[in-house]
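Letters are used for the chains, namely A, B, C, D and E, taken in the order the chains are written, and counting of residues starts over at 1 for each.
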Amino acid sequence: MIVDCAQYREGIRQDVGPLDVRTAAARAKEPGGFVWLGLHAPDEAELEEVGEAFGLHELALEDAANKHQRPKLEDYDGSYFVVLRTARYDDEREEVEFGEINVFLGSGYAIAVRHGAASELGSARRRLEARPDLIEVGPAAAAWAILDKVVDDYEPVAAGLDNDIQEVEEEVFGGESDATQRIYFLRREVIEFHRAVQPLIAPLESLEKGIVVQVDEHVQRYFRDVADHTRRVDEQLHDQRDLLTGALEANLALVTLRQNNVIRAISAWAAIITVPTFIASVYGMNFEHMPELDSKIGYPLALLVMLAAVLALHRFFRRIEWL
Amino acid sequence: MIVDCAQYREGIRQDVGPLDVRTAAARAKEPGGFVWLGLHAPDEAELEEVGEAFGLHELALEDAANKHQRPKLEDYDGSYFVVLRTARYDDEREEVEFGEINVFLGSGYAIAVRHGAASELGSARRRLEARPDLIEVGPAAAAWAILDKVVDDYEPVAAGLDNDIQEVEEEVFGGESDATQRIYFLRREVIEFHRAVQPLIAPLESLEKGIVVQVDEHVQRYFRDVADHTRRVDEQLHDQRDLLTGALEANLALVTLRQNNVIRAISAWAAIITVPTFIASVYGMNFEHMPELDSKIGYPLALLVMLAAVLALHRFFRRIEWL
Amino acid sequence: MIVDCAQYREGIRQDVGPLDVRTAAARAKEPGGFVWLGLHAPDEAELEEVGEAFGLHELALEDAANKHQRPKLEDYDGSYFVVLRTARYDDEREEVEFGEINVFLGSGYAIAVRHGAASELGSARRRLEARPDLIEVGPAAAAWAILDKVVDDYEPVAAGLDNDIQEVEEEVFGGESDATQRIYFLRREVIEFHRAVQPLIAPLESLEKGIVVQVDEHVQRYFRDVADHTRRVDEQLHDQRDLLTGALEANLALVTLRQNNVIRAISAWAAIITVPTFIASVYGMNFEHMPELDSKIGYPLALLVMLAAVLALHRFFRRIEWL
Amino acid sequence: MIVDCAQYREGIRQDVGPLDVRTAAARAKEPGGFVWLGLHAPDEAELEEVGEAFGLHELALEDAANKHQRPKLEDYDGSYFVVLRTARYDDEREEVEFGEINVFLGSGYAIAVRHGAASELGSARRRLEARPDLIEVGPAAAAWAILDKVVDDYEPVAAGLDNDIQEVEEEVFGGESDATQRIYFLRREVIEFHRAVQPLIAPLESLEKGIVVQVDEHVQRYFRDVADHTRRVDEQLHDQRDLLTGALEANLALVTLRQNNVIRAISAWAAIITVPTFIASVYGMNFEHMPELDSKIGYPLALLVMLAAVLALHRFFRRIEWL
Amino acid sequence: MIVDCAQYREGIRQDVGPLDVRTAAARAKEPGGFVWLGLHAPDEAELEEVGEAFGLHELALEDAANKHQRPKLEDYDGSYFVVLRTARYDDEREEVEFGEINVFLGSGYAIAVRHGAASELGSARRRLEARPDLIEVGPAAAAWAILDKVVDDYEPVAAGLDNDIQEVEEEVFGGESDATQRIYFLRREVIEFHRAVQPLIAPLESLEKGIVVQVDEHVQRYFRDVADHTRRVDEQLHDQRDLLTGALEANLALVTLRQNNVIRAISAWAAIITVPTFIASVYGMNFEHMPELDSKIGYPLALLVMLAAVLALHRFFRRIEWL
């Protein structure tokens, strides 16, 4: 599905509605300016039509059709193919939802193929449209706008994970509930998100240094800004992983510790009941000559002794903090 | 055993049935085109014959005869020797079965020596035969077809492992059964598979950049595609290893936690039975003057008190979630 | 808020009170000498005014307005933008408080924008003012003075963490109290502090080698000195992290061990009470012919035997160190 | 002790018995051919004599006299000094026995100084003597023969460790016996063996690429073969270390789990005995009016009820798998 | 305090007693030969005097006054400043004591400033004085002599740690005593020692390759020898750290395992006492018709049955190895 498509020239957008693929391809060949074509979840036929109209490379098209690609930047004789993984945090389910954006950059065109719900590119386009100086740069500006949007959308994900890690810490150190499962799956999300972010750093650094796509220094700074954000997210994720590993271990120590407390409490209560039982069994003995048995106050006294033993033991266990 | 052997020239396969080794070696010397000879589990004599006919290097032949090689790409004065490890996932036994493919590449020939059941190369050959443009490239195209097949076959293995990891997670966090052994051996498979995949990345990257075998940019992109898939599998395996390490730790925490629950339940039941026993022992005392003993309703009342104690304790332990 | 602003020329400070932004920007354009403008927690308008007056780059200004940046050094066509994270240790709460200093360096000016309480720059300015030879170097000297102050302030933080680690070790190996939570959160602080320090090393090393800002060898040594301090703090933090991981594990072993001791003590006491109870239950049997029952000294003897059993068992458990 | 010493020239060995040091040194100076002198555990005087006769460097001689060297390759102005660590697996004691071979390579001579029992070099010499084409290469061929022998001898060690790891796995997951100590010491052996193997890779790779010793491409391939074997062993050891770390953790989980089972069984039996004891204590009460007490079938009935309780409880605990 | 100071020229020491600072500085300016000035724990004034006399750089002097520096090699326009950390093992307290040696190298002088007790340099000086060929090299020879001494002194420290690790292993796998604390603090020492040794490798390697100080190949070999020793110690420490981490985990498994054994033994004894108590409680029931009660041999029989039960249970628990 074509989401939007327009030609950009001399700093401003030339068309209102979305152009169709053929017109877009024709406009892309005009010197000066470029066409930005945005597709969302296109079917095979659509992709093929676009591929033919713009002369895209077979391998890149294949990658754009498949999902679950690794983030990368590939050079096809001066045209480029970029794979980005988008992310959105579902705080309810504590899961990171991944999508994908494939960008074809060529002389005169930038084609963005988006899969999944995350990182809707309308705002990226509007942001670029507000910057005539960047539009003049050509298709690389569209690439920057897309990258910037995708990487900016990583930050709420990382923040959401950070937030849940703090919740998990409170759970571990605060309550009684077992956080093992939550820590484990949070860590799984962090690992998967890291796999989406980390491979992006190398291509971004080559963009930042102007090694791959030839852009002037002015634009390189914008790519450097994106690379910098990515590195920040990457380092944050790295530390989150480490924190969660530590949380798993701390959790284990606390589980063992609580077991210890449970055993102490149980044992204390067992002792408290065992002592009067022993006293009762003493007076259950059948000796002929047990003077206490004949005494009128024998029975109430025995009960009193039992009560006293219970209270003394209870107090004792309180003092040594077993209860 | 020769599986298939044919000369490829001007974009098409020249022969129907498999050529014998001598004819193949003669054809390989003809300019233009190349011979692709496929062997499966050859005996020593066969390998020797092939080695002599094509003039292969002694050390490479030795490696091709031995199994359990490390994936590698070696340059012998413009002819090349590639070792690949093939993999197939036996989901039933949760084991990765490894095989091996050795490829000799020279001017005019590509010889594939396969050991083990995995990655049968017939489909790779058919895929190449459908691409005259690649056949024109020469023996490197056969190398690509083989590499592509082998690496494509890694993905179901990685997916199978992913699937079993999810099963193991459900086992760890769901049931009562102990997943320790399964996690351990799954992790072992991941480690071994990683050892088969990871050393392949460096040679593939040198192919991708055209450092070793001289191929034009067109073919480099196909090698880049293979390298990219390998990197993806490699990263996936790296994370699987990390996940399984975490699963082992989470499992330990849960085992300890369940022990805790068992101890609580046991202690609760012990308390429930201990209190009425204590009551009984009180009335087993032999004091002369115990008014309750003479009462007609003494006995039923004692039983009632016992029952009340049991019910009250049971309720109490329910409330504090020990039962 | 402008904290201080003055022109430095021919080795000495030219102005007493803080210059306003416009005057400072005008002075910055005079050849020879430079202006050092220090801002603390400026609002948007102030930053914008400064940006306009000195012609600072939009992206750098954006970064200076946002907090939570990653330490970095960026080159904007011969002017530079440095982000530093400042740190202060709150020993009471065992937390590292982070702030941020952004430095804009250009020909003729050095602008420091500070957020947060840590690393007040007045002392850095005074230190520079005492060194006419460094003032002559130009704005890079101001950069050095700021970096030196920030990194010097890292050392008490690292020392504070070291100190708390020693306290935690005493807690782990000494007392009964559970150190899990404290270890975990101390480790969290170390990880976060490490994230503030570590990214600073790469830009400092490029300063040290004179790759980025062009400074003569004399000043490079001063940057090398700062880089060296940063590396030392970085290594110290790395080891602290490792130590705390070890402490978490040692703590777990000790918790388990103490549980062991508790179980032993409990069991010993249980045994001590069980044996006399058994004796009592023997004499509670209703056999017709139990000679002891008729004996006058039966009862006191039984009590004596019980006492003897208790003492013997107590002594035994003392000897095997269960009590 | 001189084990063997001969001159090799024009592809064949020139002498039968071992030459003495002086003759060997004289022969080494003849152009064409080289002398291979093999020493085993020489005393100081012998080493000194050899050093003087061949003009070996003081520091290299010192290293050859000391044991416990780190594997290395050192260049002394066109003559070379190689330190290798040999290994042999004592399967009985599950220990790797280390030895050492020092090789001095110069124009016209190769001197091998062996300490320890492992990797006897006679077979390496015979292997070289069967290859006139390699003998022609000069002393580097002797170096290759020695390296090849030493590294080939690593493989049975790695295989022996692999085998013991599998035994340990069976012990961990199969029986009741505690494998902790065996895992720990196996891991220690792996770590020590790794320290012997790993530093060898860098010098072998510089030999493989012809960076250090000047050898033609033909011989480089033989060094590449050795480097390849070393890398394989190195990767295998790396994974063994990881597996054993995992085994230690799995072992801990299983130990805890078995403890769980023990506690369950114990508790089940305790419950089984506690219930009839409670019943007995009920009928031990001294109430006047307990109708069951007067009944003739009271006692057998009580015994029956006890038995029924025991059987029912036993069955119950069987069903919930506590027994 | 000046420990020793002399001029070295034409291969021999020129002066007997220690020169004073001024004379030494004057001699240092004479062409040919160099002055080696050794200071131990100098006060500020002494350092200042030396700095002035020899024209040392302010930053280097500052570092030499402070302790707790990071090992490093700094270039000051052809004169050099080296920081070394010395180590000595206090076997009694299982602690590594650190000291520091700062070396200033310039044309004509080598100044060693030592703090702490370790690595007294007298023997290094005597060793150099015995080697006229090295003295001719100039101040770099003094640097070598000092480095060699310091690094040689690392080896007994590493050996001492190795020895204590073996003791700890025996403690873990042998006795009952808890080794947690000892493992933890031994690991702390290893980590700290590693921090002293590891940063030294990079500067030593640049010396070894002649990148920094200009020395001829002859002397480079001596630096290579020192670098090699440092690498060996570094690798040994790396493995010790790994071993101790493993020991901590093995220790935890064994602690849990011993707990298991304790629980089994306790439970067995509990069962042994519970059964006869149950029998006694049966004969404590007050049924009218209990034939055993009237029997003359009832009581002794009951006691016999109890004894038999105790013996049978004891034997049973022996067989299943709970006792």
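To be clear about the criterion, a contact is a pair of C-beta atoms (placed from the backbone, for glycine too) under 8 Å apart; a residue touches a chain by one contact, two chains touch by 3 or more.
All figures in this text were calculated on a predicted structure; none of them were measured in a lab.
What is the touch distance from chain B to chain D, in steps?
The least step count works out to 1.
Hopping along touching chains only, can you work out the least number of steps from chain B to chain E?
The distance in steps between these two chains is 2.
Which chains contact both chain C and chain D?
Correct list: E.
On Cα atoms, by how many degrees is chain B rotated relative to chain C, nearest 5?
The C-alpha superposition of chain B onto chain C needs 145 degrees.
Chain D-chain E contact: same residues or different, taking over half shared as same?
different
Where the centres are mean C-alpha positions, what is the separation of chain A from chain C, in Å?
Centres of chain A and chain C (C-alpha means) sit 25 Å apart.
Any idea how many Å lie between the Cα centroids of chain A and chain E?
41
Quick check: what residues of chain D touch more than one other chain, meaning two or more?
As it turns out, chain D has residues touching two or more other chains at 249, 252, 256, 259, 263, 270, 274, 277, 281, 284-286, 290.
Following the ring of touching chains from chain A through chain C, in what sequence do all chains appear?
Traced from chain A through chain C, the chains around the ring are A, C, E, D, B.
Can you check the complex and tell me which residues of chain D touch chain B?
Answer in residue numbers: 169, 173, 217, 221-222, 224-225, 228, 231-232, 235-236, 239, 242-243, 246-247, 249-250, 252-254, 256-257, 259-260, 263-264, 267, 270-271, 274-275, 277-278, 281-282, 284-290.
Using the touch rule from the top, collect the residues of chain B that touch chain D in their complex.
Spelled out, the residues of chain B in touch with chain D are 57, 59, 69-70, 72, 74, 76-77, 178, 180-181, 183-184, 187-188, 191-192, 195, 199, 245, 248-249, 251-252, 255-256, 258-259, 262-263, 266, 269-270, 273-274, 276-277, 280-281, 283-286, 290, 292-296, 298-299, 302-303, 306.
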